[in-house]
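Going in written order, the chains are labelled A, B, C and D, and every chain counts its residues from 1.
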Amino acid sequence: MPASGGPLSPDLIADLAAAARILAAREVVDGFGHVSMRHPVASDRYLMSRALAPALVTPEDIVEYDLNSDACDPDAPKGFLERFIHGEIYRARPDICSVVHSHSPSVIPFGLTDRAPLTAMFHNAAFLARGAPVFDIADKFGATDMLVCDCTKGVALAEALGEHDIALMRAHGSVACGPNLQVAVFRAVYTEVNARVQHFTHALAQGGPIASLTKEEGALADVPNMTAGMRAWDLWRREIRVETGW
Amino acid sequence: MPASGGPLSPDLIADLAAAARILAAREVVDGFGHVSMRHPVASDRYLMSRALAPALVTPEDIVEYDLNSDACDPDAPKGFLERFIHGEIYRARPDICSVVHSHSPSVIPFGLTDRAPLTAMFHNAAFLARGAPVFDIADKFGATDMLVCDCTKGVALAEALGEHDIALMRAHGSVACGPNLQVAVFRAVYTEVNARVQHFTHALAQGGPIASLTKEEGALADVPNMTAGMRAWDLWRREIRVETGW
Amino acid sequence: MPASGGPLSPDLIADLAAAARILAAREVVDGFGHVSMRHPVASDRYLMSRALAPALVTPEDIVEYDLNSDACDPDAPKGFLERFIHGEIYRARPDICSVVHSHSPSVIPFGLTDRAPLTAMFHNAAFLARGAPVFDIADKFGATDMLVCDCTKGVALAEALGEHDIALMRAHGSVACGPNLQVAVFRAVYTEVNARVQHFTHALAQGGPIASLTKEEGALADVPNMTAGMRAWDLWRREIRVETGW
Amino acid sequence: MPASGGPLSPDLIADLAAAARILAAREVVDGFGHVSMRHPVASDRYLMSRALAPALVTPEDIVEYDLNSDACDPDAPKGFLERFIHGEIYRARPDICSVVHSHSPSVIPFGLTDRAPLTAMFHNAAFLARGAPVFDIADKFGATDMLVCDCTKGVALAEALGEHDIALMRAHGSVACGPNLQVAVFRAVYTEVNARVQHFTHALAQGGPIASLTKEEGALADVPNMTAGMRAWDLWRREIRVETGW
């Protein structure tokens, strides 16, 4: 059993629990999907709720894991089958400190066809201008139940992610990552919004050119999102506080 | 008048009533549509609410029917015109213990064109990878009011369903089935979500290939849905409990 | 000033006020749109709310008009600019006893192109199988503000409607009619739902055949809607009663 | 530090704060976007909330700016990065007294392709019949973070707007303007609704003609919107009053 990375501030735990509810309220997750946060002191530990619908998560449901996705507490309740997504991304990418996994409906189509790669339709989704690689679990593992349910599959997903901050998972969903909880949530939300905008745009453009953000514009526009994004977080966080009292 | 299959636990009845409200809350049904459950002890009886908008169903509205869809109670209130859908599927398919009939808007188009068969866009809708046959009531009955309003029409629908767990009904709606109430509700919900995703995917793919679940992946991915699907049910059931007190 | 057709039961008035709120709750109308009812005794009078957002209508806002759309009460508050739609349809069509005018967003496109006539995608919208003529105000009146703001324009609209129960108004909206309030509301709601389904269906069919209701099926399927439609009304009416107390 | 244009009635301030919440409730803005109003007495001053999610704005958050977008109060809280959009439009266009900036999702696609210019699909969006120029910030400023974050960029946007009342901003959003707060809000709301209708219409028309409002019809139909639009405002304003008490 791995040792704990040390105690955490109740505010941090509450923010992580609130993030799950925020993603549910924004319809990025439904009964499924999860969000995690790297331990702020012990970089080889991360925090995530037990297996539970995101809209129901409370601070009491947060569990600490090592990067093998083993719980630090021997009495920890059952975790998500796919927590290995998180553990292996944290292992592979020291710059990432928060990960969201979701099946948001507008995003799934971009993992099912190569005719229209997901990219940034507007500045709030600027981070998508760097591209969104597609992870097809069948490439390495053949026919499976599609779940990233062990470290080996988590490693393969992290490899597909590479240096990007988003990966699409074929016939499954996506992961959005960020340097902190607020940015990862912001990116997950605006990936879904951007996907909706992109569906409309492709239909309208009828194969003609689409003046999406260039890579250079994307890099520049991602910077103010890091701070202005906190305005959205403050709004969303407040809604959860009104709902839950924490 | 058929004999009753015997008394049922109040929890079971409440779950069935809640299922109707869950389907309404998820917009799978509106003022119309119904969900039923095979009697847990008497396999030739089933339970379904009286003719009532799903969002209004309470445990008191649940009626017991035999497989001819005759009520066991002589004083039973008026049943749905299309209850024969349920009776004949239970008769033809011993493995099915719950049936949902709905007109969910995203699904109807797949029964109106043969250009794009409904299939599984992601793992939560894995059961669709086996295909979704289309029942056209006009094939056997010519011009009708489209309703499956007697045993003969119910038999024809059950034949079209065959060994599948879903059938589309041309210019009408669909039926989704499962081995228990929770799975049937789960499948009805994710059939609607999957249909929305598939509309977006076809538009994006512009006639190119779509990397949907293979039949083999569908079979494998359907297994964890049987248990993980309970997480969604727990969320949905709790919402109804908060709303109704039962 | 026209004479009143006589007093009305408070229940009838409340139902008409509730119908406006039902249409707003179902997103058939927004801040605009109106529903009316022929006077049950005096067939040359009709009832409609004063100019007011449908979601705010109360029984006190109902005004009686003659078929010239003049108010019977000299102190009646300001009426809708387009009440002539209602007056002239009642004059031209004795069988119609309720009219809904709306700008519901999914329906407008069918009045803007002749490539895809609005028709019945499923049995709940069966009445559309008879077709939906398009009224272009410019045909007779040239460039206008698009409003049916006097009897002459109302007559032209009623002529376009002909023997149908729905007419699309180019670059404006539509009118849905019925033999009573409940059926007109039902048809307005399912016209919007059907329009959404038809958009999806055309996209999916990619120019291929669409197995919509035949005219004969439409006529047959419209019959049970007349009674089963009351189930939807009961649900919607109850929601308004909970909200308003009347 | 610029001098104040003089005190304002509390009702006016409350209406401006309410306008931000109205736009959030209608989903024209989310955590981002802003609405402003020219000072009613001092035409070289304008009013806008501090940098805050629109759904959270209260009368206390309203700040007065000069046309350089400098706050009149030295202790004013931090303003929006893009307030220069407002200042420069007020400077360039004396007839405009209210401006809404938003990233509403259905509108963004019309700034990303030249295949389908945004135009008026129905009378409530009549003002769009005059056309909607696209401002591409890259034309003058090359690769940027896409934000109109200083006077120079604001001037370029105002030039692109020209004599129109709407401008699309490539890969960003749009501005909708009006002679007063109510009309600007009305136009922002119906621009979003119209964009949704136009997406459906293009898909349905498959390249065929679209019978949208002509320029002449648009000019005529815009007139009643100026007054009838108050009916929508009254509805929306009341919802905010119920929610906030002001």
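By definition in this document, contacts are C-beta pairs under 8 Å (C-beta built on N, C-alpha and C of every residue); 3 or more make two chains touch, one makes a residue touch a chain.
Everything numeric here is computed off the predicted structure, so don't read it as measured data.
Q: Using the touch definition from the top, what's the fewest steps needed to get from subunit B to subunit D?
A: Steps on the shortest route: 2.
Q: Which chains lie in contact with each of subunit B and subunit C?
A: none
Q: How many angstrom between the C-alpha centroids of subunit C and subunit A?
A: Roughly 46 Å, centre to centre.
Q: If you average the CA atoms of subunit A and of subunit B, how many Å lie between those two points?
A: Roughly 32 Å, centre to centre.
Q: Which residues of subunit B are in contact with two or more other chains?
A: 203
Q: Report the residues of subunit D in contact with subunit A in the complex, numbered from low to high.
A: Within the complex, subunit D touches subunit A at residues 30-32, 51-53, 55-56, 81, 103, 105-106, 108-116, 136, 138, 143-147, 170-173, 199, 202-203, 207.
Q: Can you name the residues of subunit A that touch subunit D in the complex?
A: Those residues of subunit A that touch subunit D are 120-124, 126, 193, 196-197, 200-201, 203-206, 208-214, 216-217, 220-221, 223-224, 228, 231-232, 234-236, 238.
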